[in-house]
Structure formats: C-alpha cells, structure tokens
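Next up: some structures, all given as structure tokens.
In what comes next, chain A is part of two complexes: it sits with chain B in the first one and with chain C in the second one.
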Partner chain A sequence: MSVQIENNPLKFARKILSDLRASEDMGLLKCVQCGMCTSTCPGAKNSDYNPRGMVEKVLEGEESIISDEEIWNCFYCYTCHSVCPVGNNPCEINQILRGIAIDKGIANDKVGSFAGYGDSFLTIGIGAMPKSFFMELNEDIEGWLDFKSKLEEIREELGLGSITISNESIEEINTLLKKVGFNKRIEELKK
Partner chain B sequence: MKSIPDKNILLFKSCLVSTEYPGIESSTKYIFDKVGVEYVIDHDQSCCTGLGHYSDVFNQTSTTLIATRNFHLAKKNNAKNITVMCATCYAINKKSVKLLNNNDQFREKINAVFEDSSMEEMKYEKESFNPSDNIFHVVEVLFNKKDEINKYVNMDFSNFRIATHHACHYCKVHYEDTIGGFRNPRILDELVESLGFNTIDWYNTKRNTCGAGFRQRFVNKPISMKVTGDKLLELNKENVDILIHMCPNCQMQFDRYQPYLSKELGVDFNVFHLNITQLIALAIGGDPYKTVGIQTHTVSIEPLIRRILDIEV
Partner chain C sequence: MTADIKSSNSDKDLKVGVFICRCGGNISDMVDIDKLKDSIDLDVVEEFVNLCSINGRKIIRDKVINENLDRVIIAACSPMTHEKTFQDYIKPLNPYLMDMVNLREQCSWVHENIEEATEKAICLINASIGKVKQSQAVDPITCQSPESAIVIGGGISGISAALSLGKQGIKTYLIEKTPSIGGNMVKIGKVFSPVRLAEECGMCLINPVMNELIWNPNVTIMTNTKVLSAERRVGIFNILLERSPRYVDSDKCISCGNCSDVCPIEVLDSWNDNLSTKKAIYRPFSQSFPDAYTIDIENCKKCGNCIKKCSMNAIHLNSENELIPINVGAVIIATGHEIFDPKLRPEYGYEKYEDVITQSELGRIMGVNGPTKGKLKMQSSNRVPKRIVMIQCVGSRDEKPDGHKYCSKVCCMVALKNANIIKNKYPDTDVLICYTDMRTPGMYEKYYKHGQENGIRLMRGRPGEISKKGNSLIVNVENTLKKEFMEIETDMIVLSVAIEPSEGTKEIAKIFDIGLTEDMFIKEIHPKIKPVTTDVKGTYVCGTAQGPNDITDSIVQANAASAKIAELLHDGLEVEPFIGEIDFEKCNLCKDCIDSCRYKAISTKDDEIFIDPLSCSGCGKCLTVCKSNAINIQGNISEKIFATIDGMLKGKKDWEQRILVFLDHVGYTAADNIGVNRIEYPKSIYIIKVHSINRVMPKHIIYALKNGVNGVFIGEYPGDLMYDEVEKRIKNMKQKIKEYGFNPERLQFSTVYIPYFTGLARKFKEFDTKIKNL
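Right after this comes the complex of A and B.
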C-alpha cells in the first residue's frame, strides 16, 4: 500500500488568495484552526455550516467544498473576520467559494432567484429587491405594498428627489456592465 | 483618530434608504444643514450594488466598475468625501478603493473598460481616493459634530431605555477604520450620550448581526428569523424601548419583521426602531412626518412621540 501525498496542497488556498474578493492581507495561511469563527457565527449557530471546517478543507486543497450545501448558510456578516486572531477572513473565503460554484454553473438553483437585482440595476440604476419576493414580504409585513404605492408621494413630502437615475446614466451603466459580461452572467444564473 | 470632513461631501444615495426609509436621508440633510456640513447629492449616482453583490449576483469586477463610475461623479462634484447612510455602501466602496489602489493589473482592466466605452474621463487614477480618508459613514461625520448638535436638543428621550445596533458592515469588514471600537462598538452609544441621553451600552447580543444575511431573509427564512428573534428576546430582557440603527437593511429586518416575530414566537415585542439620524433629527426639532419620515415605519413611532409630549406637558 502506498500513501499518496498531494504535491501542492496549498494550490487551492493560493487560488483563493489571488481572487479579487480576497483582501490583500487575508491571513488564510496563518489559520491555527482555533474555531473563534465558528463559535461566533450566526450560520453555525443555526445550521451545520462550520467556517473553521470550511477553512480547513481549503487548506487541505479539498475543492469539493464548493458543492457543500452548508456554505450557503453564511450571513456575510464578517463576525468571523472581526474576531480572527490571525486576520483570516472566512466570510470572504465563503464568497469566493460561492463565486467559483457560480462560475462552474452549479449554483444557479441557489442564486437564480436573486438575478432580479441585476435586472433592476440595468433598468433603474438601483439593485431593488426582486419582485418575486414581494408577495411573501407583503404577507409577512402588514401594509408593505400599500406603503410602496405611496413611496413617491412620501418622498416628495420629505423634499427628496427622484429614486431613479437619468436615462443617460442608465445607458452608461448598461454599456459598462455589458463589457464585463454582466448581462450574460445574469442570463446564465436564470437557467 | 482620522480626520473627518465637514465639506466636499458626496451624500451617497442608498437603495434601501431611498425605497424603505427615505426619512433617513431627509433627517441626515436636516442635521447637516443645521450644523453646517456642506454636501451634494448627485442624482446620476447609481446604487452601490450591495444587495446584489452580497447575494452573489454581482462579481467583484462589476461592483468595482460601478463604484469607479460613482467615484468619478464624486470628483466631478468636487466632493471626494463619499459619505454613506448604509453600512453596506461603506464596505463596498472601501473595498473598491483598496482594490483600485493596490491591484495595478485590475485597475488597468477597469480603466480599459472605460476607454473601450469612450468614457475615458471616468478612468481611475491610482491613489486618487484613500479608503480611510475619503469613505465615511454619516455617523462619523455626526460624531465629529456632536458638540454642535447638542446645542439644538429640545426633545427629551432620557426616560427611555435605549440600546444600539451597530451594523456589521461598518464594524466588522474594515474594522481598522471603525471609530468607537468594534469589540464593543460604541459610536452610536457615544452619539446618543452626546444628546444628553443614556444607553444601556453592552448587552449580551450587542455584536450579533441583524439576521438579514442578504439571501437568508428571502430563501432561508427560519434561520434568518431565528437570529433576529434572538436579539429581540435579549432586548426584551433588558426592557429596551428604543433600538438605534445605522443601516437601513438592519432597520428593515427589525422594524418590518418585529410584528411577524411577535406572532411567530408568541412574545410581545414593543421596541421602537430609529436610525441614529432620525433620533437626532427628532431631538433637535425635526418634523416627525416631513423630516423624519416616520410614516414609512412598520412599528409605529407615534406612541413614542406621544409619550414624550405627554411627559413634557
């Protein structure tokens, strides 16, 4: 029997460190597995998500972590980061792992319902909550849609200007985002 | 402590302030005008992408591209001190400035997009913004003016138990810049104290996140509501009357869902939710409807104001 040793176990960790979402000084390679992240994490408290375990997998080069359902329970609150003794950032690592899953096309069922943020950004310059969530919000929050119908009126009473931006600015945003493949990404997510 | 500006400020529009609690914007303007903070609002500024970014819809390139366009507008208005009303705008803009300054290859990629789009004027010049000295939260600008604000206080909140909720994306993302501490965040407590009122300061769940968790509120509601409910239960234990906010997303989570959670958990929650700018605007004479915008709240603020007026009478 032979023992197989991965030649370059830190390859995956380095890939994560070089991602744009990784802060320059992220202490991933300094992680001592103390578990402060998990002990303060709202996701870990209420599900099987375990940021310490996630970081361990990353350091061991286990790329399969990107298809672990539990990574979708992170709240993006950065509490882990704010208590980490070595400046690691499990929250950002999570964002990067989800990003890899999205790019691989294996996370559309997770993110597809939020694609509306992109559509509304391209239409009015604001990433407004997707309309598909409105009915549930209105069921949970008494009078919410009623308030929404009066929003313009209230804003006027408060002396505030228009919510949306000029057509010229919307065109600018559309031109720019198209150049970095944003529209394509949104359409992919909906598949 | 870093120096905080009172002029050349771009008051950065926020999607959730605009559409859920516009009273935060009008309260901010009211206070700024009263204490002489000079600012501009640019209606061509787009939202920061924050909700979409943290729902994993925008990648970092799209988000920073949009941020760079907004930085250009700030510069054009001679208002390089970008001052935000939302904690997520704060985290997003700081992150983009850091990336643009420190990652030459990425900055060139972003600038190439502007060049390709015949928008050369929007290209980002390295170090033209500084993440610590050009990106602020409104609470920081107010912190710098707290003695001035104190002179105008004419409404008394000292009979109420006040607690603070410090937004994660202000205290925990770029915590090297956070004013008032991040282990026990106190900037909101200090602002309330400067008005002449006390807060309960530390409580067991003070550092806890609001529970919105971006995607979690919408597709993982049980755990989202559990986190929010835990904090509300703790506030009940502490007999808190008012929770002070600094982020419209947190405020939405607590104010909009408090009646829902009361029903779900069978517990009476009677906490009033106010953004710090709304509390200050009320305390210095702002009209509850025309300035503070209490008509957009789910938990009515009217009983709170009536209680204050009764005490005063």
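Right after this comes the complex of A and C.
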C-alpha cells in the first residue's frame, strides 16, 4: 500500500472523535493495539469480528472498514470499554461506524428489518416491537403472544396505567418527527 | 504620587567611580567613548581596552583604594559574564557596592547607529549611577549545617546512600521501620546481569555491602524505627524518631534459634510473601541485620516459653517504645515501593485460582531460601507446571480506576529473568510472556535476546480474562501480530504487577512537607536537570521512593544523593543576602505569609515567624500578603528600581519613545543572547534586570508612566515557580494603570525562553510599533 504525502491517516480518526456520539474523553488516539478488547469480546469469540482490528483500521484511515460485514457482529456489551487500559471505546466507535454506513445507504439490509420500530413511533407514539418479529419471539419465549395480547389487563390488575397514548399526543409526536425528517429516514431504510 | 526614594544627604557625598571597557572594539566601535566620558559628571571616569584582564584589575583596584571610592560602576559586558570577576576586582569594597552597565550585549551589539548607541550608553550609565547610590554593603549569609544526615529506609537504596555518606566521613543514621535492613533486594532471590547474560544471587551481592555498612564507624543503623516528626531550621533538621522494641536484646542474642523451636505460635511469613509460616519469635531471614531474633508482638501470646529457653537471657517481653531526638544537616528519602494489589483486577482471578501468582511470589518460590527451597511447583498440585503464562502491565500503563498511567520500568526485565531461571532449571516447561511492548533499553536488549535463545516464547497481546476449564487455567488473549483470538491452556499464570508508591513514602513526604508527583512518588524539583533533589532544601530522594527504578538505577541515585549532601555539608552554604527578614515588633503572627511562599521558606518557631535563609529566594511574594508590613528584604530593591527608572528616563525628548523591559535572570540571559547573535532591536528598549519579576510593583510601573515612559514590558520564563503568580498580578496591574488614566495596553506581559531569543527580539519590535501607534 502506498501512502501519499497529502494523505493524513488520522483524518478519519478525528472525524470519528468529533461525532456527536463519541464521548468527550474517548482514548482512541491513545490505543496501543494491545488487543485486550478483542480478548474479552463475545463478538470476537463467535465470529471474525475484531474490535482491536477495527480500531487499527480507523487509526490508519482505512475507511473501507465502514463497509466491513464484521462490524455488524458487535453486541454493544461495552466489555471492550470496561477493560481498555487507555480509556478507548471500541463499542462506541462501532456505533459511529455503523451510523456512517447507514447514512451512506449501504446498510439497509442490516437495519431495514428494524424500520418497523421507527414506524411504531409514527403510528402509536412509542417504540414497539414490529409485528414481523412476533412469531419468532413466541418461539423463544413461551406464552409471549398470550402475554402481549393481555398486557393491558395485566397492567390494570397490577394497578399500572395504560400504555396506550392519546390520539392527540400521537398527533403531536408525528408533527415533531416529521419536522426532523424522521419519517423520511425510515422510508430510506426500507429501500 | 511620591516615590519612596530615600535620597538622604549622604547620597550626594558618595564617591562613585565609573570604569568603561572598550572590549577590544566590541563596544568602542559602536559607542563613542570620548563623548560618553564627557557626559559623565564625576571625578573618576576611566576607560580601558579590556577591564577584565589583570591590567584592568590593577586600574580598578588602584582607583578604589587611592581615590577612596564608595561605589563602582563597570560599564562593560553583561553581568552574566563577568559580575563575579568585577566583584573580586573592587576589593576591599563590598561586592554589592558595584553595578555593571551592559554596554555590549544590550547596547553595542544590538544597535547599528553610533549616535543612537552612544546616547543609550549615556542613559544606561546615568541610571546605574542612581541605582548604585541606593545599594548597601551587605554580607553574604553563610550557613553551616551539622555534618550529619539521616537516611530513611533500609533497602538497597538507603543502604547504598548511607554507606556512601559514611565513607565520606558524614555521621549518618540509617532508619528502617522493619526489624532488619535489606529491603526487597534480599527477597527477590536472583538478579540478572545484562552484561554477563546470567542470573546472580541477590543476597550474595548485597551482603558484602551490608557488612561494610555495619562496620562503618560513621553509620548508626536503627531498625524498628520510624520518623515521628521533623522540623527544618537554617540547614538543620530536628527529627524525632520512635523506636519500637524488638523484645530481644540484640547485643545478647546469639541467634541460636532455641526460642523459636519452643514457640507455639505459627504466623504467615511475609518475607516469603505469605507462602510459608514462621514462629512469633523469629529471625526475618538468615542474613538479617541486626543479627538477632525478634518477636512479632501482635501474635505473641506471652506464654514465656522462649524466655525459659534462652540461655543468654536476651528476651524481655515488656519492653516499651523509645523516643529518640536527633539533629542532622540533610535527609535522604529511600522509603521504597509497594506493589499493585492484583485483587483489583478480578479478571485475572488472583483470588480465585491458586495458580495465579505474582512475579514477587514466583521470585520467592524460585529462591533457594524460599518456601519450596527453590523448587518450582504449582500451588494446587505440587507438580512442576507444564506451561506458565506471564501477563505484563498489570496495573501499569492502565488508566482504569486504581491503575497507574506510568510504565513500571522493571517488569519486562523481571519477567525475562524469572522466565530464564525457569528455562534453565526446567527446560521442558513452556514459558510464554504476553506483552504489550517489550521495553529492554540499552544492554538489557541483549538479555532479552538471550532469553529468546533460551526458549522463552513471547506473544504480543494483553489478555483480558482468565478462566478455568477442568484442571487447567485458560488465558483469553488476542495474538495481535497474527490478528488471532486465542484461548491458551496453562498450569500457572504469573502477573507482572505495577510498582507503586509506598505508604511510608507518602507519610514521610507529609512529615517533611515534600511535594509528591501526580502518581504520589517523591517529586524532584526539576526531574531533568536536578534529579534526586526535592523541593525542600537539604532533602534528597533515591530508589523507588522517586518512581519505578531497578536496582542499578536506585544505587546510582543513592550515590548522587549522597554526593549532593557532601556538597551541601562540606562547602558550607553561601547565599545571596537579599532575603526576607521579619520585623517582630510589627508582626502580629497572622501567618498569612506562610502559605504564600512558593519556596516553603516560612514557618513558625517558638511563637515567632521564621524565614529560612537557605530556602528563601527573595521573590518578595510574602511582602505583598503581609498586612502589617512586617517583612522586609535587604538590599533596597524597590529603591534601586525607582532610581534606575529615573536614570533611564533622564534626558528623554518629548518626541522620543522609551520602553522599560523588566527581566529576571532567565529573561536577561535571553536578551543577552539577542546581542550575542547581533540581532537588532529598537533603541527605545531599555532593559532592567531584577532579582525576581515579582519585585516589580504597580507603584514602580505607575511611577514610570507618570515620568514619561511610553511602555512597560515584563517577561517571565513559564518554568519559574512564580510564573502563575506574576501572570495573575499583571491583570491587577493593568486595572490599576487604567485607574491612573493610562492605556493598559502600555503594559505587556510575555513569556521568555533562553533559546528563543529571536522571538524576544521580535516581541520588542512589535511592542515598540504597537506603542507608537497607540
């Protein structure tokens, strides 16, 4: 690989550091490539994902990491952050990289199926599991569907209020979300 | 405003002589010497081609004596070059009655117009005449500290320091809080020799040194002893020691060990890192000094068995603590280190798994005088481990809570050493070191290569956790060079834990009021050029009390500290007399000054404020906080500043711009450098050298502005202890200037650095232009 004179590899790392989601004291530039993160990462244990390798690519300015399939194997467990001796946060870096991938529209296959979550904000005013996941969940958790359908009754019995939001509030949430372009973004993801 | 110039009548009668140096043309080529001489209205005005020569001395000395001169002005080069020379040439006159005018570095070398340079020279000499009349004959203060020292801590550093002091004829007390001297070095078993590529017996190396120390007539070794309090007075430390009893009279005890045989109590032996037990009456280790048994009184149940058994009658169970006051002239802190508690990193399972140990414990296990008599065995099964994984940087280079940001410096070498010892004795055991970086500078690199040849394996990666599978331990690590996640099965894991400051170090720092680093080691006043010197005059540090150090570095520091002490005690101390003095009539003991002093010079003594002349820098900070005006500094510094300002403004024409520049030692040297490099700056720049920038008061600046100065430039080196102070004061000064109706922009504060003289010259030019445009 030839490294051109005007090519400063750290540009990419600085872009990540200045992302809204990056914690202010993230030790990205202090990474010593010790691999402690990888050695504790459940993602690394079960796939070819390598948080240290991801950080290395970021520090070398290899933006190709954005389209790397492996970054989608992070569990967001933050173990890497808790062990990193220099206060780096591979988990956060991963989130930022995924964000960039989504913005670029190259991750729709990864997140499109979750777009239903977004829809629920528009339709019922809160984040809720899309119907398409119901059957799968019912297989994993016995009696889940039953629980789901009787939720309001159970809540009443427990003396808890309803989780349904008034139409007026849903209207208001809709207006807000439309103003910030939320619905457009959801539509994009579905493409 | 009335300036506080004391222009007593006698000023006029003082006989001043001016001696002008041509400096072989360096000055006279740019300054018209005849015109300069004509401008001076004094009887004695001499010139010579080079005043610093022997002939120059004759001219000066003859005039001083024959003409009965009261004051002398040498108009020549920078005082930085020749002040001491001319102070000597004016004898028998008091050295502080001479002033130097810098006609070379700050006049002829920075101006390119003869007329301008001559005018400036005239003005500088005028200022000097005013100033020198304000000077007083003061004698340098000499202090003589007692020829004795205390060394706190009896490890290899303290032992080396005490021995060196003793050999230089200095009475030395070596204080150790445990029952024996020796410290960690006697515990670690083998030490490595990078040059011979071999491991050697640590005890055999330290033992002759200990023996030499024990026989040195100047050294008193006090074990079971700690420092209770300390007080510092003009080069003397009054120290109160507390010696706790060893319950066995070391003069009588013959170390037969009969007592130990009959003692019913068994306790964990900390000397073996708690891997074995000892009796309540015990000897710390076989070569311990004093050569006697001692009782662990906390665990002793006073059955008296030992007393009955001891044929020497050496045991006394009812001994008490003893307080011992001593006075010494200097202090060495050699209080050593502790190690990082591996329990703080639960992911490494130190508490959970028996076969996870530290390098120190491995050292004891491999030691022939250790719990297994040197046999390598697993704690859990008594068999020789088939594989050992060493984990580096545990608690070092670690920013997580309780971790240390620094590198502990010795762990790479310690791991290699223990790995080599294992490889030599048990070649079939696989030893794998998991490292982040291998740090083996200098000759140590050869030992590293030697280890690789010996079959030590290395893997670059920092393990994140340890678990157990069946009878084996599993290390999770990424081999970062292969980019491969690994689960390594092993029998034993050795943690290379960090070196950290000992509690004793922190306590001693508090007792002596010595500064600590952010990592809580003893701080050196300037780690780069004043190693081993702390921020309290007369106290030094060596070994791991200063930071992570190996044995060799500790000994080097110990010797350096002892050399510094010999320097201090043998030479006596001559200090510049311009230091704080208390007027006890005025002082109301409010103690405001004590905390204000950055040099830790002020304390109370017998209900009086006391300024230690050895520590006081004469910065004048205390003057500004004392509401009762009870502190004074000799040398009429304030008056001299006023007189200099007067002189420098003399003859100033209305259209002419003059700027006063106040610089201390560092700034003045930078200004000299401008001249040495022949860089030109405006003639309007007039430099005044002050002892400390802090001595320039708002009253001086306002006086200057009122008397027609166009701008004031104050420069300070940011490394100066007083820098923040000065920076803060400048803001107030600007405010004051404004109140007096002057534009605050006429005052400029700036950083100066000796090597960055070009920057200073540029700042002079810029300020000159800025003032012109105001």
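Worth pointing out:
Following the convention adopted for this analysis, the second predicted complex is superposed on the first by the 185 of 191 C-alpha atoms of A that agree within 3 Å, B and C clash if a C-alpha of one lies under 4 Å from a C-alpha of the other, contacts with A are read in each partner's own complex, and residues count from 1 in each chain.
Definition applied: a contact is a pair of C-beta atoms (placed from the backbone, for glycine too) under 8 Å apart; a residue touches a chain by one contact, two chains touch by 3 or more.
Everything numeric here is computed off the predicted structure, so don't read it as measured data.
In the superposed model, more residues of chain A are touched by B than by the other of chain B and chain C.
Residue contacts after overlaying the shared chain place A:35 against chain C, while chain B stays out of touching range.
In the superposition on chain A, A:85 contacts chain C only, with no contact to chain B. By the document's definition of touching, of the two partners only chain C reaches A:50; chain B does not.
In the superposition on chain A, A:73 makes contact with chain B only, not with chain C. Looking at the shared chain after the overlay, A:165 reaches chain B, while chain C stays out of its contact range.
By the document's definition of touching, of the two partners only chain B reaches A:143; chain C does not. In the superposition on chain A, the residues of chain A touched by chain B in one structure and by chain C in the other are 40, 45, 79. Those residues of chain A that touch chain B in the shared complex are 19-21, 23-24, 40, 42-43, 45-47, 72-79, 81-82, 95, 98-99, 102, 107, 110-111, 113-115, 117-118, 121, 125-129, 133, 136-137, 140-144, 147-148, 151, 154-155, 157-163, 165-166, 168-169, 172-173, 175-177, 179-180, 182, 185-186, 189. Residue ranges of chain B in contact with chain A, taken from their complex: 15, 18-19, 22-23, 25-26, 29, 41, 43-47, 49-52, 54-62, 64-66, 69, 95, 98-99, 102-103, 106, 113-114, 116-117, 119, 168-169, 171-173, 175, 182, 207-209, 211-216, 218-220, 223, 226-227, 256-257, 259-260, 289-291, 293, 295-296, 298. Looking at the complex, you find that chain A touches chain C at residues 27, 32-40, 44-45, 50, 52-53, 79, 83-87.
Note for the complex: chain C touches chain A at residues 347, 393, 397-400, 403, 436-437, 460-465, 476-480, 483, 485.
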